[in-house]
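Chain lettering (A, B and C) follows the sequence in which the chains are written, and residue indices restart at 1 in each chain.
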Amino acid sequence: MAASEHIVGRGIGNKLILFTVVLVAVIWMLPIAWTLLLSFKPNSELMISTASAFHPPYTLKNYADIFQTSGVFRWLWNSAVVSVGVTVGILVLSSLAGYGFARAEFKGRDIIFVLVLLGLAVPEQAVIIARHQMFSDLKMHNTYPAIILPGLSSAFGVFLMTQYFKAIPKDIDEAAMLDNASRFKIFWKVLLPLTIPAQATLGIFSFLGAWNDYLWPLISATKPEMFTITVGMASTQTNFAQSEGLGFLMAQAIFAGLPVFVVYLFFQKYIVRAVAGAAIS
Amino acid sequence: MSSIELDSVSKRFGSVEVISELSLTVHSGEFVAFLGPSGCGKSTLLRMIAGLETVDGGEIRIGGERVDNLPPGARGVAMVFQHYALYPHMTVFDNLAFGLKNIGTPTEEIGRRIEEAARILEISHLLKRKPGQLSGGQRQRVAIGRALVKDPKAYLFDEPLSNLDAALRVRTRVELARLHQQTRATTIFVTHDQVEAMTLASRIVVMNARKVEQVGTPMEIYGRPATEFVARFVGSPAMNFLTINLKDRGGFASAVLGDGSVIETDVPINILPSGELRVGLRAEAIRVREDGAIPGKVEVVERLGDRTHAHIRLADGSTLVAEDKGISQVQPGDSVRLAVEGATAHLFDADGLAYHARQ
Amino acid sequence: MTDVTLSPGKAVAAVKRPTGASIGPRWSNALFVAPYLVFYVVLLVYPLFKGIWMSMLQSDMFDNTSKYAGMANYHRLFNDKIFIGTVWNTVWFVVMTVPVFVAIGLLLALALNSSDRTAAVLRAIFFGTSVLSVTIVTIIWKMMYMPGNGAIASIFKLLGLEPVAFVTSSSLALVAIAICTIWWIIGLPMMLFLAALQQIPGELYEAAALDNASRWRSFWSITLPSIRRTMLVVVIYEIVAQFQLFGQAQLLTQGGPNNASRPIVLFIYEQGFRSWNLGYAAAASEILFLIMAVAALAQFFVSRKRVEE
C-alpha cells in the first residue's frame, strides 16, 4: 500500500511516527473506554463520584435493566424497520435509475440526469419544513412510511449506480442484445449481477445513514413508541446532569451503538472501498 | 448460410458522416475482411450489420431479408467481440446457453449444441468455469463458441485476435481458417492487421477515412493496389515511393529517378495522366547486387533471418528499403548497387491513384 | 479443432418470436428512471419550491391561516440578533473545524498509509467512531465534559488544575462541540486522503529517493501536489457538512449558554418545530441553502476542472 515503506534508511522515522499515532489512538479510544467502564458501575456509586469507576464493584445490572425497563428494544426495532426500508428502497430505485441513465436511451434523458445531479446540492434543511408540512397534511407523521420515504429521494445512490453501470464495458450489453435478450433481461440477468459490489457499498451506506439519521425522525416521530434508536437516545439524555442512572445511560449508549459497530466490523472492507471510491470518482 | 448486402448505407455521428453511401455484397459462405487503420469506419460498419449502430440511410439485407430496422437479436447473426464480452458472472456453459434460452430453444437441444461446439473448440473441460478463471486464449474460444452454438446466418468478428499475444494470435488465426474451411459460414472479419486479412480472407475490403479504397482478393490487393493508401498499408515493409520523370519506351513507361538511373516498367504509357508521378516498388523488387544499376549507401540493416532489409540512401538523397538474402554481407556505411525488377513496379499519380502493368 | 459436424440449425429463430432489445432511444426505456423520478419530484423538487413559497408566507397562529408577506420574513431575519448570531456561530464553527479536519486527516492518512496490520487496526479505530450516531456521541462526550464528575474535569483535578467548565462557558461551548465533532468524524477525511495517497505511483517516491530527496522533501514536492484536488474536495465537503451542525449542539449545549453555541440549523428547528413559525424557519433554511449552494457550486467546478485536465 504505502509507496515508500520499503525504502532503505527510513525505519527509525517510521517507528517514531507509528509510536505517536498509537498514542493518539489510545487517547481517541479513551471516551469510549470511559463510557464502557461507567456502564459496569452501580448507579449509586457514580452518584457520589465517577472516580469510583476505577475500582470494583462492577455489575451487569445496568445492561439487565435495559431488558427490563427501557424502550430501547422498541426503538431498535423501529430503527431496523426504517433502515431496512430505506436501504431496500434506495437499492431498487437507484439500480433501475442507474441502469436507465447509463444505458437505456430515451429523449431528454441527459437533461433529466443533470437535473437529478443538481438535487445533490440540495441540503435536507432546505426542504425539511415543506416536507414536514406535506406529511402533516396527509396525517402521516409517526408512521414508518413518513420516516422512510424522504430518504428515497436522495440522488446519491442514483449517481453512484449510474457511474457504476457506465463503467461496465458496453459490449457486454451488446453481446446480450445479439443473444436476443430484452431490455429488462439485460438489466436483470446480465448487468445487475455485475453491480453487486456497488450494491453492497450503497446498501451499507444507506443502512448506516438511515440508522444514524437524526433530524428528520426527530421531527416526524413525536410519539416515543415511534422513535428510532437515534432519536430515542436523544430523549434519554435531556435531563442528563440530574440523571440518577448514569451507569444505566452509559449501558444504553453502548447497547445502542453495538448494532452499527457490528455492521462496521463486518463490512469494513466495503465501507472503506466506498469512501475511497467516492474520493477517486 | 446467407449473403449480406449493403446498399448505399450511411452513418452519421452528430454532424460527422462516418460512412457515406457504401455498397458491398458479401456472398454466402464467403470470408471477407474489413481492413483499415483505426477510425476508418470498419468497426462501425460491422456494428451496423449487427444492429448495434443505427443506419441513417440505405439498406442492409441478410439472406435477402431487409434487417436494418430489426433489433440485433432478430438479425440472426453472431458476433465475436474484441474484448470477448463474456458474461463475467455466468459459467462458460451459461454463456453459451444464454442466447439459445432467450429464443426458447429446448433444453436438450441447448445441451447438445453446447456439447458439440465445446468439442470442436476443445473447451469441454471448461464449461463449469467462469470467464475470470480462463486464460485469454480460452476466453477467445468461449467467445467463438458462443457464436457457434447459435448456428447464425453470418459470423461477425470485431478484431478478435488483437488481445492475444503474438504466438497465440498466429495459432488462433490458423484455427479460424480451418474452422471456416469446415463450416463454410458467411464471415466478416474486422482487423487492422494486414497479415490477418491476407491470410484469412477470400476477399479484403480496404477502408480508409470512412470510405472503401479497394475490394479484392488478397493477391489483388497486394499485387495491384488501387491507391497509394492500399499500397502503403498492405505489405511489410511498406512500399517504397520515389518521385520520377517519365520516358517512353516503345509504349511502356520508363521511370527516371532523381539520380538519373532508369527503371523499366511494364505500365503502358498511354494510360498515365500528365503531371507528377511516383514509382512504387516493394522491397522484394529491389535487390542488393554487384551488377545493379542504381548506386546507394547503406544506412541501417535489419536482419530478419530468412531475409535482410537494407535501408539505403540514393545519390539524390531519397531513401528506400531493399531486400537481400538472409546471410547478407551488407553493413551500415557500405556502398552498394541495387537491381530493380521493373515488371512489378507501379506508378502513382499526384492523387494517389495507381497504374499497373497489363495482366 | 478437428472435424466440424454442427448439424444445420432447426431454424432456431423461428421457435419463438425474438424479443431482443434494440439500440437507439425508446420511450419505454424511461420506465427505468421513472420510479426514482417520482420520489425525486414529490419529495425533493416539490418541497424545495414549496419551501421557497413558505418562506414568503406569514402564518397566523390563532386561526392557523397564512398570507403572502413577500420578503418580510427575510427582513425580520436580518434584524434578528439571535439569527445573525447563529450565522456567526456556524461560520466560527466551520472555521474552527475544517482546518483541523484537513490537517489531522492528512497527518493520520500519511502515518497510516501502510499495508501492515497495525496500520489497518489503527485506521479502523480512527474511522470506527464515524459510524456512531450523533446521540451516542453526545452521551459519551457529556460524560467527558460533565462539570465536577466528568472525565476531563477529573483529569484536571488529578493534575491539580482548576477544572474548565466547557459546556457552560460561552467562550468554550462551541470549542467543546468542535472537539467532539472532530473526534466523531475525523475518519472520513482520513479515508479520503488515504485513497488519494494510494493513487500516487510508488515509482515517484523511488525516483525521489534515488535523487537524494529526504522524506520531508518528497512530501512537499510529490505528495502535496498529487493530492491537491482531494484537499480541495475535503475542504469543500467539510465546509458543507459542518454548516449543517445540529445534533451535537442541540444535545451537548442546547445552543447555550446564552445562544453562544446555537447554530443555524438549531435555529431553524426551534423556530419551525418548537415555536411553529414555519414561514420564518423556511426563510432561515433558504439562507442556509444559499450559503451551502455556493460551496456545492465550488465543488462542482473543482471536480469539473479535473475532468478537463
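Methods note: a residue touches a chain if its C-beta (ideal position, glycine included) is under 8 Å from a C-beta of that chain, and two chains touch if they have at least 3 such contacts.
All values derive from a computational prediction rather than experimental measurement.
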Chains linked by the largest number of contacting C-beta pairs: A-C
Chain whose mean Cα position lies farthest from chain C: B
Inter-chain centre distance, chain B versus chain C - centres from mean C-alpha coordinates, in Å: 56
Distance from chain C to chain A - Cα centre to Cα centre, in angstrom: 13
Sites on chain C at which at least two other chains make contact: 18-24
Multi-partner residues of chain B (at least 2 other chains): 51-52, 71-74, 102-103, 150
Multi-chain contact residues (two or more partners), chain A: 176-181, 185
For the chain C and chain A complex, residues of the former touching the latter: 18-33, 35-37, 39-40, 42-48, 50-51, 54, 108, 111-115, 118-119, 122-129, 131-136, 138-144, 146, 149-151, 154, 183, 188, 191-192, 194-202, 204-206, 209, 215, 218, 230, 233, 240, 244, 246-247, 250-251, 265, 268-269, 272-273, 278, 281-282, 285-286, 288-289, 292-293, 296-297, 300
In the complex with chain C, residue positions of chain A that touch it: 1-5, 7, 10, 13, 17-18, 20-22, 24-25, 28-32, 34-35, 38, 46, 49-51, 92-94, 96-97, 99-101, 104-107, 109, 112, 116, 119-134, 149-150, 152-153, 155, 158, 176-183, 185-187, 208, 211-212, 214-215, 219, 229-234, 236-237, 240-241, 246, 249-250, 252-253, 256-257, 260-261, 263-264, 268, 271-272, 275-280
Residues of chain C that touch chain B when the two form their complex: 1-10, 12-13, 15-16, 18-24
Partner chain C, residues of chain B touching it in the complex: 51-54, 70-74, 76, 100, 102-105, 109, 113, 116-117, 120-122, 148, 150-151, 175, 178-179, 182-183
Residue ranges of chain B touching chain A (in the complex, touch as defined): 47, 50-52, 71-74, 77-79, 81-83, 85-89, 98-99, 102-103, 146, 150
